[in-house]
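The same chain A turns up in both complexes below, where it pairs with chain B and then with chain C.
The block that comes next holds the complex of A and B.
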């Protein structure tokens, strides 16, 4: 490709490009988001100039929920402006506190609670934990509360997470709880149990594999080996545990386990499952 | 009799990784006729990667080059580069071949790689999987060096790289730092870019960066996937909820409109507003702030961050090319820091690679000095803001050792072929 010709064509493309038109609010939520993003960050404006207008839209109860939500999303983009956003940060967080109330539309409330949780606001963290203990007072669902509490990785909610895990039948909520427990050393018995239980949903067993490897690699290696060698377990969970072994630091015991390595080598050569083969090859290449 | 080919930037294992930037090379006859010479032709003979040659440093190399090689074995210099828009898929699929011009005999060859950052949406599966395997190994389920990259981009460090003119140079260095860490695991890897102003349905899949989960929790990977056991900040999995349809672009302004930010003068002062849109808008094309990538302090929990920023960097690189703004001494190619802040002036070294800690810099400097590369000495262990400007070294000097599939090497109007 001749570079001069490439330039000529590209410059023609640029010249022909139409200016970005703000999408209509009457369109889809995606279009509204796009509009708000452009409203907030319009070319030709100094960075941050539109932030006051966006804050006003978010606070205004006469605006539609859709418009307020789109403005909030645009403010999220504006937080990436660093020092240009800094003068508005206090007002932004105050606005979030105003929205984090039970009578706010759920779409806005959840987002406001999430912002405050991400900012490690202790009041919101307290509210989320209270909501887990007393669902009647919850601002968001249990699964969402656990997810938001993990935005502050110093928050210690393992006890609550374990309670939630045992109380609920909802897999998504169990997954959120298990994610919190995944690196808690006191949860290794639960993680080992879930990992070894063929009746558990795959997503939970996979999370348990990651978690158990993190808190007790040797115990994980033993269970993973047994799962892998058990021809009656699901192919996908065998692939998952093999993948965990392949991308983790070395396990001395397995490196000298010729029966295991032979099985891995054989499986890598014979399986039609691409990812199982790839995991087997990755593990063998780490030997 | 054979021809030996040596190329600048050959690594310790004898491998050569090229981009679009011409590099110096030599050809010499071994076992040739004493007192005579042999006419040879160098040509590009690979199956995928293409090469171009010239006798001077130029932007119009050809697929073949005749050379007369003395029988004495004296080295004859030439220049070699990857042929634009013909990158490699794997090491060795680009080949320099030397042929006797007189009788057509094969006299020698050298397998190399034209290693280029590509659009993630169209990345072939083998390249995708090598990239993912390297990223997974770098993370090592939370125990690996990815932690340093995570620690570089937090609330406490944000003034080093956001909201000021150093945003683009810093992130260019950051992505390159990670890429070199990946290449230390697998030298054939380059960071693919997520072109967020176009649909990318093949990126958000179980085979690539994860399929959004129905529950809104962690993304779903195919069992055995290299990122299935991803862990950062003590948490497994990647939470990422898309706010755009899989067959739609992110909620951003497109490339052409991004370039218009520079105004009629094509000034960096205007262009840098892309930090808000499309950059910030790309980050918040995912649920804010529950998707970590949508929030500055947590964004690097999600490895998609680096593909997003590879595209941000590609936009800067492409703007620099098409508007001739790769020269850091050009007043329109950069802008005054506002507010004036260390780390955002051309001659400033950049944290964390400079190892400087304590107010006004962050309290720690994770990761150590900038990693070396066998391919190029640039940007050095403590890069300055200005060191990042000319990634292909169109003005001369040393390139940064990477390129994009849609940003060519073109000499600026002020530099003639054969120049520095």
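The block that comes next holds the complex of A and C.
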């Protein structure tokens, strides 16, 4: 998703949220606990003592989704209590596993899946992967599934992420796939192809630049140089690639390339784009 | 023994293991499947590999724990961080007829490590869910193993009593009940001294034989991007060689290995052997561990780099090194899925002289070995 678009949606949801109906994603741990207290779910007693009541609320199908969600958010905050939370952890995880099912209200299900994915739970990782292969059985959207699977470097989902990238037309899902692939050296062909392809959405090209810079700096340098020297490419893409070239030690050779440097110097003096000028100046000062 | 590869369905492997569990004298077949590099784990995610290995380990409770499997169990108890793997090791221990002497502190350390990350574990895929015993957790398994030791684990009584006395409690009610049962089991029979049951702690130091794969021309690259062959760097001086990778998630393995390597490096400097010994660690994950990552990772852990002290990756495949040193490392489709701890002392002809595998090594032991190899090198031109 475009950053500006994300910000616009976020602000709209914040504006729409009232103290009684907080936007579910916007609650900080403190806000979640405060809201749970407003609903009478937690008391002013020591931190650990509210946890059984919160767990009971989350599990209770007769409670409103709003109350269960508020309790779940308060529990999320309680997980940071360390030893005070430890006695309830197993029950908490069991509750999350109960919620991570297709028939659970989506806002509870998605949070439960996220908790288990953060725990690197192999069963939930398996479910997320099955959902990517068979969207009918998916517990969360494809983009969310990929984002959650990225929490574990060792979940080994690069192959699946490549499949998803090729199958979907949704740019946000493609972005999530590229974030998975950004640490996988075997995906560098795809990253290079997207980065060099002017017809691809710029958000995807920028992510590919980050990924290729991470897994194969030499290959990135070659493509980045071409992008930069090609005056017809988008300025923000040129800024992104130049920014990467400006600082990393691997690109010292490129920073001694006089043709390239002349172009950078010229562009730095002429461009009105702040990012591009800053990247050009940084590169010139690092040579 | 049936052969499985990484594509074999987990259910098939579990069914095979279940059949082995039912037969006596199947322990050795199970041990063969524990090696990290075994084909059974190839291509699997780390989580799946760990679950499979845990299922195998837990089987030793019923089939008996052969001596050859004990290092695997101790390794998990010493370095494991996940509830499933630790519970499996605890169950395996209950199949042992002879136990190593330091086992009680290892169990207590393991309990401490997962005190705040306990989870339900299940090692039974055979019984229908409705007929199974109520679910229990990894901590429960660890305490049950202490209880199984009985008076032999009496040294654990004070820590157990301290756990019971904590207020507010730091364990669930179910685990507290298990601790109470364990404390009672440890106090039974009025015995006051440990049973004469225990063998020496099996420190895994051996004199390895190289597998005969010629690696002297394997191309390497260090943390600064310098490229050289294995022979160019390692020939001519005794060397300490360890293996690691920067994406390792277990702080008791790679991160600690490089931290200890840095301490060893300082020790070598203090003893005036600086520059006469190579100290190096090679990444299991060369495609990801590019020079800048190696430098950052090493520097963060106290390594000081120079010509004789380097973090290294292969520029091509890692496989020749894995074969040459018979390394305990397995791979998923994109990175390492499991590995053991490895440290090898090479002589100046690049021959492995001693290795410290699976269990934690100590700088003093490695330094002593290194000095001996150095002294031999000095008298043998």
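Annotations for the structure displayed:
Operating definition for what follows: the second predicted complex is superposed on the first by the 242 of 287 C-alpha atoms of A that agree within 3 Å, B and C clash if a C-alpha of one lies under 4 Å from a C-alpha of the other, contacts with A are read in each partner's own complex, and residues count from 1 in each chain.
Here is the rule we go by: contacts are C-beta pairs under 8 Å (C-beta built on N, C-alpha and C of every residue); 3 or more make two chains touch, one makes a residue touch a chain.
Here the structure is a predicted model, which is why all the values come from computation and not from measurement.
Contacts of A:215 after superposition: chain C is touched, whereas chain B is not reached. After overlaying the two complexes on the shared chain, residue contacts for A:179 are found with chain B alone; chain C is out of touch.
By the document's definition of touching, of the two partners only chain C reaches A:94; chain B does not. The larger set of touched chain A residues comes from B, when the choice is between chain B and chain C. Shared-chain residue A:147: touches chain B; no touch with chain C. Applying the stated contact rule after C-alpha superposition, one finds that A:159 touches chain C and leaves chain B untouched. Contacts of A:83 after superposition: both chain B and chain C are touched. Applying the stated contact rule after C-alpha superposition, one finds that A:125 touches chain C and leaves chain B untouched.
Note: residues 46, 82-86, 153, 183, 248-249 of chain A belong to the chain B contact set and to the chain C contact set alike, using the contact criterion stated above. By the touch rule above, chain C contacts chain A in their complex via residues 44-48, 50-51, 115-120, 137, 168-175, 225, 247, 249, 287-288, 290-292, 332-337. On chain A, the positions that touch chain C within their shared complex are 46, 48, 82-91, 93-94, 119-120, 122, 125, 152-159, 183-186, 215, 217, 248-250.
Put simply, chain B touches chain A in their complex at residues 59-60, 83-85, 129, 133, 136-137, 139-143, 158-159, 161-164, 167, 213-218, 220, 222-226, 228-231, 233-237, 239, 243-245, 248, 251-254, 256-257, 259-261, 263, 273, 275-277, 279-281, 283-284, 288-290, 292, 294-298, 322, 339, 341, 408-410. Taken together, the chain A residues at the contact with chain B in this complex read 1-4, 6-7, 10-11, 13-14, 17, 19-20, 30, 33-34, 37-38, 40-41, 43-47, 72-74, 76-86, 111, 114-115, 118, 143-144, 147-148, 150-151, 153, 171-172, 175-176, 179-180, 182-183, 202-203, 206-207, 209-211, 213-214, 235-240, 242-244, 247-249, 273, 275-276, 278-279, 282.
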